[in-house]
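Next come the structures, one after another.
Note that subunit A is present in both complexes that follow, paired respectively with subunit B and with subunit C.
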Partner chain A sequence: MSLLEVRDLTVGVERSPHTLLREVGFTVEPGEIVGLVGESGSGKTMASLAIMGLLPRGIELRAGSVTLDGRELVDPATGEIHRTANEMTMIFQHPRSALNPTMRAGRQIARVLELNQQMESREARDEAVGMLSRVGIPGAGRVARAYPHQLSGGMCQRVMIAMALACKPKVLIADEPTTALDVTIQAQIFDLINELVDETGTGVLFITHDLGAIAEMCDRVTVLYGGQVMERGTLRQVFTDPRHPYTTYLFDAVEREVDPRVEEKGVNFALQGCRFGHRCPYVHEACAEFPPLYPVGDGHVASCFLHGGTDGTS
Partner chain B sequence: MALLEVRGLHKVFGHGRSAVPAVRGVDLDIERGETLGLVGESGCGKTTLGRVVVGLQAPTEGEITFDGEVLDGKLSRPEYRKRVQMVFQHPAQSLNRRMRVNTTLSEPLRLLDVAAKDEIRGRVDQVLRLVGLGPDYLLRGPRQLSGGQQQRIAIARALMPDPDLVVLDEPTSSLDQSVRGRIIALLRSIQAERGVAYLFISHDLSTVRRIADRVAVMYLGRIVEVAPTERIFEDPQHPYTKALLSAVPSMDLDTRGTRIILEGETPSPSELPSGCSFQDRCPLVHERCRTEDPVLRPHGGDRMVECFAVTERAR
Partner chain C sequence: MSYGGPVPPDYGDPHAPGERAEEYLAPEIAGEASALPLWRRKPLLVVGAVILGIYIVVAVLGPLFVGDPRVTDPANFYQGPSWDNLFGTDKFGRDVFARAVHAARLDITIGILIAFFAMVIGSAIGVVSGYFGGWVDEIVMRLTDVVLAFPGFVLALVLVAAIGNSIPNVVIAVTVAYIPYFIRLTRAQVLAERELEYVDGAKLAGNGPWRVAFRHVLPNSLGPSFVQAALVAGWAILTVAGLAFLGVGIRPPTAEWGVMVAEGAPDIITGQWWTALFPGGMIVAAAMAFQFIGDDLGADVL
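== the complex of A and B ==
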C-alpha cells in the first residue's frame, strides 16, 4: 500500500466535452520525492488541486480514486474529495501571495500549530520561531516578527515550507516551489527540501516544468501532456531510456534545431484520441483511440500504441 | 570600433540615505551583428542597464558612444531611437491592447518618420513574414494571439525601423520550453539575415548559452566577468559565475548533488560593504577583498574578471 495513491483521476469542465485530466495515476511512498513534469496546460497544477480537494468552481471530478494511507478520499456520494489539510499540505509558486500580507510570519505559523496541534499560544509562538530556524532562517526571531512584504522571495518560501511542515504532514505537494526564485536561492531551497524529507520521511509530490529540477530532486517521475500521463517510471528509466515520443520531444526541445517560422500547436482538450497525436512524428490511425499505459520496463509505463503488441515495435 | 561603447556607467535611484545604486560603474562593448548575453539574478541591475542603453532612463554618470558618436543626453532623440530598439518580457503588457497588429507595426514607422506612407504596407508585410506570421494576422488584436505569437509581434515591432541594436529584456522567460526554442531560433535567423546586434538580458543561463556570442555576468550593479560564451560555460573563473552556473539544475543524472551552494542572500544595494560586493558569500574571500574595490582585469586573452583571487593568482 502506497502512502498516496492516485488512480484514474479524470477531471473536466462542467457541461462541456473538455477533459482536463484523463485517467491520471501515480503513487508516492514515504520519504520519496515524485516528480510531475509537463509544460503549461499539461494539467500538473490541476492534478494537485484535485488531490487537495481544491478544484475551482466549474471544474468537476468525473472519475478516479485518491487514497492516503489506504483511506479513500473521494466521497462516493458527492464525488468530491475530502480536504485533509493537516495530512497533506501544499507550497505554491508565489510564496508571497500565498502568505497573509497582514499577519506577521511567525504568527501565521503559530496559528497553524494552534489549530492543528492544539498548542497554547505561548508554546505555539516559541515553536514557530523554532520551525523558522529549522528551515535555515538566520535570526529566526526577527523574521518571525516581519510581515511578508519585508521578506525576500526566498525567505517567504522558507516561511511557507515551515508552515507546511508545522502540520507534520504525511505528504507535501510542492507546486513549482522555486520557479519564481533565483537559481542560487533555488539551490538552497532544494537542499532544504531534501534535508527535511530525509529527516521526517514526508512523501513529496514535486510539480515542475523544469526537467533539470526533476533530475536534481526526484526518485520517480510522471510525464504529463494535455492531461494525459505520457510516461511514468524511475528517474533513470525516464531520463536515460524515454519510451514515449512526447518524452523524447520534451528532452529534445532544449537542444533541438527547429524551424523558426513554424509555430507550436496547442492541445485540444475535447480530443478523444492521444493528446500528443497532432505533434507526434509516429502518429497513425490507432492514435484516434485513447492509448492505455503499456509496460515497457520494470515499473516503467508509456501511453503509446507503439508499445502495444499487435502493431507494436517495442 | 564597437557599435556601442559604455564607459563608467552609473545609475542611482533616489537620493541621500535612501539612494539605491542599481548600476555601479559598468564598461561594456557591443560589436556590430553580435549577441551579448547579460546574465545575473534579480536586482543585479541588468534590466536597468538595458533601459539606460535604450534611453528609457538617463544615466546618473558615465558615457555612451553609439556608432562613434558620444550620446550626451541625446538618448531620447529619434535618430537614436530608430537605431536602438527594445523587446520586453511580457508581450501581453507591452503591446497596446487596443491596436491591431497592423497599427502596432506601422506606428513606429510613422512616429520615427522612417518610411514614406506608400512604403509602410510593404515593410509591415516583409517584417511579418520575417517573424513567421502571415498577412492574415494583420487585423488581429493582441488578445487573439498566443503568448508566442504576441512575442513574435513585439519582436516585429522592434524590427520595423531596421535598428542596428535590439535590447531584449527576458524575451523568452514567460514562454514555454518548446515555444522558447522557436523564438531563439527566430532571433538567430533574423540576425543572420539583417546583421542586427542583440543585448540579450536574461536570468536563464541555458537560453543565453544558445544565443549569445559573449556573456557578461552581473552581480550587484557591476560586471564581474565577461568572456566568449563557451569560455564562460566551460571554464568559469569568477567565484560568483562558478556558483551561478553550478546552481542551474542539470539534466545530467551523474552530476546530481555536486552544486556549489552559496550561503545567505544578495545584500541590499543600499547597504553595500566596502570592498568587493561578493565578499560575504565568497569562498575565496581574503583580507584585501574587504578593504579594496576590485576592478575588471583581462584574464587570459578575451576574458575579463573582477576578482583579486583570480587575477592576482595568474600573475
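== the complex of A and C ==
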C-alpha cells in the first residue's frame, strides 16, 4: 500500500467534452520524491489542484480515486476531496502571491497550527518562529513579524514551506516551487526539501517542467502531456531509456534536436485517442483509441500502442 | 595574498545565524518613491488633509470657545461681520460664526459616519456576494441595480420622507443611498482576489469559507473602498446639507450648514449676504477637502 495513490484521475470542463486530465495515476511512497513533469498546459497544476480538492470553478472531477494511507479521500457522492493540513498540503509556484499580503508571516503559520494542531495562540506563535528557524531563516523572530511584501521571493518560499510543514503532513505537493526564483535560491530550496524529506519521511509530489530539477530531486517520474500519463518509471528508466515518443521528443527538445516530423501544435483536449496522436511521427490507426499503460520494464510503463503486444520486457 | 587592488569590505560570516536577517528583507520600495516630499508628489492630498485637519480641530474644540448657537438676541439682528460676530448675525440675532462652528461638529461627524457605515455594510455584503457568488450574488446585484438607478440624492430624499427626518434617520437614509457603491466596488475586487494562490493556501490551512472570505479576501479587497469612503464622506456632507436646504432633512433650529443656507438664502436679496455665504462656503470647502483626498489617494489605489 502506497502512502498516496492516485488512480484514474479524470478532470474535465463542466458541460463540455473537454477532458483536462484523463485517467492520470501515480503513487508516492513515504520519504520519496516523485516527479510530475510536463510542458505548460500538460495538466501538472490541474492534477495537483484536483488532488488537493482545489479545482477552480467550472472544472469538475469526473472520476478517479485518491487514497492516503489506504483511506479514500474522494467523497463518492459529491466528488469533493477531504483532506486536512495534517495529512497533505501544498506549496505554490509564486511564493509571494501564495501568502496573504495583509497578514504577518508568523501569524499565517501560527494560524495553520491553531486550526490543525489545536494549539493556543501563544504556543502556536512560538512554534511558528521555531518552524521559520527550521527552514533556515536567520532572525526568525523578525521575519515572523514581517509582512510578505517586506520579504524576498526566496524568503517567502521558505515561509511557505514552513507553513506547509508546520503540521508535519504525510504528503507534500510542491507545484513548481522554484520556478519564480533564481538559481541560487533554487538550490537552497531543493536542499531544504531534501533535508526535510530525509528528516520527516514526508512523501513529496514534485511538479515541474524543469527536467534538470527532476534529475536532481526525484526518485521516480511521471511524464504528463495533454492530461495523459505518457510514461512512468524510475528516474533512471525514464531518463536513460524513454519509451514513449513524447518523452523522447521532450528530451530532444532540451538538446534542441527534435525529430522534424513532430509537428508544432498545441494540446487538443477534445481528442478521444492518444493526446500526442496529432503530433506523433509514429501515429497509426490504433492511436484513435485511448492507449492503456503498457509495461515496458520493471515498474516502467508507457502509454503507447507501439508497446502493445510485447511481453513487457523489451 | 593581496593583488593590490581595493580591499573588499569585511561583511563578516554570511552564514552566522541570527545577525543578517535584514538582508533577507527586501529594500523598501516606498523609500525610492519618496525622493520628493509628499506635498510635491500629492499636493491635492496635502491641501485636502490640511483643510480636513482644520475642520476636525474646529469640530472637536470649536464649540468650547464660541457661544450658544441657539441664543437669540433680537436687538442685534442682521449685523454684518465684525470682531464681535465674525460671520455676522442672522435675523434672530444669532451668531452665525457660533452656529457654523457647531454645525461643523455635526456635519463632519455625519459625513464620516455615513461613509463609515456605508463602507462597513457595503463591503460585508460585497464580499459575500463576490466570494460565494450564485443566487445570493444575483439577488444582491439586481438590488444594487435598483438602488443605483435612482440618483443617490433622490433616494435619500424619498427615504427621509418615508422614515421621518430626525438626525439618525437622515444618516440611515444617506447611508443606504451610498451602500451600493461599496458593494459593487468590493465585489469587483473580491472576484479578482479570490483567484489568487493565497486564497487556496488559506483553504488548505483549514480555514472555513466564511473565514477565508472575511479574514483573507476582504482585507485585501478594501483598498479602493477606502478611497471611495473619502469621496463618499464629501458627497454625504453635500447630500445632508442639500436635504436640509430642501427642508426634508435636519430641521431648524439645529445648527447645520444646509439649514443655515436655507434660512439665509432669502437674506441675500435684501443685502445680508453673510448669513448664507459663510455656511455655504464651509460646505464647499469640506466637500472639496474630501474630494481632494479621495482623488489623490485614488491615483495610487484605483
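As a working rule, the second predicted complex is superposed on the first by the 300 of 314 C-alpha atoms of A that agree within 3 Å, B and C clash if a C-alpha of one lies under 4 Å from a C-alpha of the other, contacts with A are read in each partner's own complex, and residues count from 1 in each chain.
One rule holds for everything that comes next: a residue touches a chain if its C-beta (ideal position, glycine included) is under 8 Å from a C-beta of that chain, and two chains touch if they have at least 3 such contacts.
In this text the structure is predicted, and so the values were computed from the model without any measurement.
Engineer: Contact-wise, after the overlay, does A:T240 reach subunit B, subunit C, both or neither (first, second, both, neither)?
Structural biologist: Only subunit B is touched by A:T240; subunit C is not.
Engineer: Looking at the overlay, what does A:I137 touch: subunit B (first), subunit C (second), both, or neither?
Structural biologist: second
Engineer: Please indicate which partner A:A77 is in contact with in the superposed arrangement: first for subunit B, second for subunit C, both, or neither.
Structural biologist: Neither: A:A77 stays clear of subunit B and subunit C.
Engineer: Report for A:S152: first if it touches subunit B alone, second if subunit C alone, otherwise both or neither.
Structural biologist: Once the two structures are laid over each other on A, A:S152 reaches both partners.
Engineer: For A:G266, select first, second, both or neither according to whether it touches subunit B, subunit C, the two together, or no partner.
Structural biologist: Only subunit B is touched by A:G266; subunit C is not.
Engineer: Should A:A213 be classified as contacting the first partner (subunit B), the second (subunit C), both, or neither?
Structural biologist: Only subunit B is touched by A:A213; subunit C is not.
Engineer: Between subunit B and subunit C, whom does A:A187 touch in the aligned arrangement: first, second, both, or neither?
Structural biologist: The answer is first: A:A187 touches subunit B but not subunit C.
Engineer: For subunit A, what residues appear in both contact lists, the one with subunit B and the one with subunit C?
Structural biologist: Correct list for subunit A: 138, 152, 154-155.
Engineer: Which of the residues in subunit B end up touching subunit A in this complex?
Structural biologist: 41-42, 132, 146, 148-149, 176-179, 181-183, 185-186, 188-189, 203, 205-206, 243-244, 246-253, 256-257, 259, 261-262, 264-265
Engineer: Subunit A touches which residues of subunit C in the complex?
Structural biologist: Touching subunit A from subunit C are residues 16-22, 24-26, 28, 133, 195-198, 200-207, 216, 219-220.
Engineer: In their complex, what parts of subunit A are in touch with subunit C?
Structural biologist: Listed in rising order, the residues are 49, 52, 54, 56-57, 84-85, 89-90, 92-94, 97-103, 108, 111-112, 115-116, 137-140, 142-143, 146, 149-152, 154-155, 160, 163.
Engineer: So in the complex, which bits of subunit A are touching subunit B?
Structural biologist: Residues in contact with subunit B: 39-40, 138, 152-155, 182-188, 190-191, 209-213, 215-217, 235-236, 239-240, 249-251, 253-254, 256-264, 266.
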